[in-house]
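Dropping a structure here in structure tokens format, bear with me for questions.
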């Protein structure tokens, strides 16, 4: 079936709710109205008001409630309406969700998913544009997954729902509807923790994820560069091996992401390449990222996140020396 | 402890139930009156009318109409693509104007769904258009009038408590006011902010517009509490519940509340109102509420009700409604034209306002970016500099 | 909206105050009864005594004594350096035991200051010693009995709401119970968790031990609310306030509450009690409260009061108090000995319980670390492996 | 005067409250009881109950309240009792404190300090041992400072209180009382954003901060290494130049920190060295850090954070290749 990313989210939820009646979907405006992006459309109609629930406006209760429900044996898939509204629940991630298994030495666990649209570029208000995966992936015990294609979205969300541990599932809302591709019908799972090589190449390795994938591929195309393009997909756990092997081959690397540069995921990738492939590097790794500022309000937000020329500039810098 | 002054805190509570059945404290035992001055049918008791002069009565009307016209115009330009998004306040005019009319320039104000109060405090329609177009100068202008708009729901309540705390330290003759929605009451931030004000006795005024919905979520499911006013009991704060379609009642309630607050007691006001339009221009309310319900509330139009009052008072003749609307439309036209004049801003704006002094890493990022924009003008193929939101 | 069932939500509130003065909803109008069965002087009304059999009456006593002895012993071994830190429950025995006595094995329990309930549910004193020694097996053992201890104050309330939500989905014949302190009520997490339970109608029981202090902060300054029970009104949840020094009243109240909860209505119980010892062994309470106050509460010893009751009922003769204490002391000795047997654990434990499957980076860190420990045995000069906390 | 770190905190507070009556101290148990570590001892007695205030148990209100009070014109110094209890207030940092100036284009600002003891090793309970500076330093607009000596503690806390923008001040509680040194009487300011070279050397650069400084210096001493030891002091803004210049000289680098490795501050340091001095590196930079797990409960916490032999091991690895 042909689907966009947001349709793939919806399809994964339909499929998994149909397969496993422990899966419960909740969040603000997800039931009656089907979600502000319609990601949860028709779930209420199909699965009823016990399994598809509108919650009060309370992110702490949504994330902490999901952890409790998961401990009890259900498979909650909670929605945070925009990534800018996850910070109120940061403590529930750090203090509870990520630690249930660890704290009880495996006696209990929290198989839960928190999904949320992230990123700038849809002309929304302040706080609707954040990409703070750098902070979330720093939390031990929390998995962070970011798909970039409709098929992966379905496959990774499915894997996240089935995963025995908590997953933060960040959906690239700027490209929610801009890509349409064939998505497998029925069950479809893509393993967490495995990067995808989107394009093989010899001269430079380019790592990106989520909404940075289309501009990254465009930059490579545009520049006519023989780049190996890796879609990281899982931020945590990270598929270090795929990245490192590629860099060993190319000797050059660029990381493109939307979040702030300092302590962004790009820094961690640089650090891991340093650990395992430093002596293969022929040039500094280029980080093409959002700036160390909040995302500007909508009139200037386009300046904030990397576009193909900026990514290409990074690639050329990596190729230069 | 009921005796908060006793030296040794109260002994283990003495049974005032004579060892009988377990007795529950229940909201069903609570009677929460709703303050109203002008009834839906337009009738009122002369003696209850607030002590305002004619010009003030007329001002209330003009501001309510301003609010309505402004919402209409904003929805309109949004549809034309000249605005990112907008949250209309139609239906809430009495609630918004009646409350903001009581505030003084030294008061601080943090709002959710309430835009005209900014105009009442000196900001311009242009500033508000800029805000909704995602141009930082909007908030800058509001700040000049001790006002801000908070987007993250509930997040401003601790700020308002902190501002009130500052006033308390200062012995300022002013109040810190937070507007919040019914949905906001569910947030931990609101809880902690209001509790802080209650526990320290800060001059904070909490004005909650219960417009029945948080996007699609009806208030009945937002909380088990029948009224929002009763939530104030959790903080030991006194509360007023008021008919939010009755501008005089709202004014009267908030005026009274503001006075108490200046005496050092926070007050919580629940204003029962209704959002007639969509949550924002991106929302489709037909997915979650019936036409019948909306029509029902259309029939309780706050401007209409106040018009009845003005007629009864013989003040209506002093108003040329069409002229008022025309004037506001003209003001809006001018504001829009001025907003449209906005120049593209320097990219450095993204960086320079974050710290008092630009730190080295940020300076480096800015320099790199400026250089890139110069070297790669094709960047502008991807950048929509959106002075119109 | 007071009529939560109406098809079209209530119209703009009709004035029931006849257009008069602004009326405040105030806690001073609130009457919050405190449930008590046995008065401080030991008197009680026969008819109010809960319907328990003799063995159960005696069990209540034994558990209270267990609680007291356990606290004494733990403070003791902490002073000897055999424990990191410990929070004594002395003074709160009636509150803790009366409430926990109502719970069933299928119920879930998340506690703050309350340790004996874990024993009542099947965990051992050894498990509790391990917990306070910072050995993860403690929490593992509690988890086997659907119980956990939360350290981050208030953070467990959303979890408990989530567990109750699971029970609700399951139509389970069980309740999810959260113990919390007076201080915890100020947290955003508690607010959101309780509100969720109230709005969805979840089978959650909130048992708040108002022991008058959050470390040094007296309840009077923790919140402006005179009672904690009244905070439940903010969620539309029914509440009971109970004399926390009267074990029968606590039992009666929580028993009643638990029944209501199984019928699908969350209930909030405030138990008014007092912490006689320090907050933890690291705390010096003389910095913030008077000896006089403590003596006053020592005179309201809950075990003493219950003893009076047992005497009046002719049950006291069935108890050999010294033997009971001796037995508990022996149990503690055994637990301590068993805890002292704890082997040093493998360093891999730090890593292996985080995920179901060890991810590559963590496997790498573990391997590196194990290698290091082997290569550099001098590491152990810096590492105190503390099986005694 | 001779003082420990915690005494230096107290001294700075006394001095600054005396100098500027806009300075207000609040938090849980800071007034009546003088703080659980006595950091705020005698402030209530000296400055009265209006300027030294015990707050309810509410971290959101403490941090958000500080931002509001700062906007209004005061200079709040708020205490979070242990770093593990800052996560509930994460949103107030991200959404408010760090953005007041930016949001209002300088019309308002939030000159506030949030101070808190951080780190493991004092035999406390779960959540009392966190070092999440990696997450906090990722927040644009928030400065993060970590002193390691009594004199710096006084000087940096003074600078933080006087700074026109928000500062998160993390106090190394493991060494609160273990170091005693001469601390200047009266006013004493150490600028934020400048690292200190604790030891000059030629062979390898070792970067650390806070409670990692004593074991780092011990490792260097122990190993007889000619190391240049840099105390970073400010995590954000970071004194990249001092680090980079040193690495250009030594060609080798080790970063030691207590927080989790993935997306820890060490990653950012590696990334910045990559940017500016990659070609000077003769070996991979070694990160000697806490693990990607929560800090173990007290019985095993000593395993978690780096000790001198582990740091020395890192140094020797950096020197090896």
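To keep things simple, chains are lettered A, B, C and D as they appear, and every chain counts its residues starting from 1.
In this text, a residue touches a chain if its C-beta (ideal position, glycine included) is under 8 Å from a C-beta of that chain, and two chains touch if they have at least 3 such contacts.
Nothing here was measured: the structure is a model prediction, and the numbers come from that model.
Enquirer: If you walk from chain to touching chain, how few steps can bring you from chain A to chain D?
Expert: 1
Enquirer: Express in whole angstrom the distance between the two chain centres, defined as the mean CA positions of chain A and chain C.
Expert: 39
Enquirer: Take the average of all CA coordinates in chain C, do the same for chain D, and state the distance between these two points in whole angstrom.
Expert: 35
Enquirer: For chain C, jot down the residues that touch at least 2 other chains.
Expert: Residues 136, 152, 155, 186-189, 192, 195, 199, 221-223, 349, 354, 361-362 of chain C each touch two or more of the other chains.
Enquirer: Touching at least two other chains at once: which residues of chain A meet that condition?
Expert: 56, 58-61, 84, 88, 91, 95, 102-103, 126-127, 140-141, 238, 262, 291-294 - these are the residues of chain A that touch more than one other chain.
Enquirer: Make each chain a node and each touching pair an edge, then name the shape: line, ring, star, complete, other.
Expert: Its topology is that of a complete graph.
Enquirer: Mind listing the chain C positions that touch chain D in their complex?
Expert: Against chain D, the touching part of chain C is residues 84-85, 133-136, 151-155, 183-184, 186-189, 214-217, 221-223, 282-284, 287-288, 345, 347, 349-351, 354, 361-362, 365-366, 369, 372, 375-376, 378-379, 381-389.
Enquirer: For the complex, which residues does chain D have touching chain B?
Expert: Residue list for chain D touching chain B: 24, 50-51, 53, 55-56, 58-61, 63-74, 76, 88, 91-92, 95-96, 101-109, 140-141, 143, 163-165, 193, 237-238, 240-241.
Enquirer: Within their complex, state which residues of chain C touch chain B.
Expert: 1-2, 4, 8-9, 11-20, 22-27, 30, 32-37, 39-40, 44-45, 47-48, 186-189, 191-192, 195, 198-199, 201, 212, 218-227, 229-241, 243-246, 249, 252-253, 256-257, 267, 272-274, 290, 292-293, 296-297, 300
Enquirer: Which part of chain A faces chain D closely enough to touch in the complex?
Expert: 84, 87-88, 90-91, 94-95, 98-99, 102-103, 126-127, 132, 134-135, 137-141, 236, 238, 259-260, 262-268, 270-271, 274-276, 278-279, 281, 283-285, 287, 291-294, 321
Enquirer: Across the complex, what residues on chain B touch chain D?
Expert: Interface residues on chain B, with respect to chain D: 108, 136-137, 139-140, 142-144, 148, 152, 155-167, 169-170, 176, 188-189, 192-193, 195-196, 199-200, 349, 353-356, 359-362.
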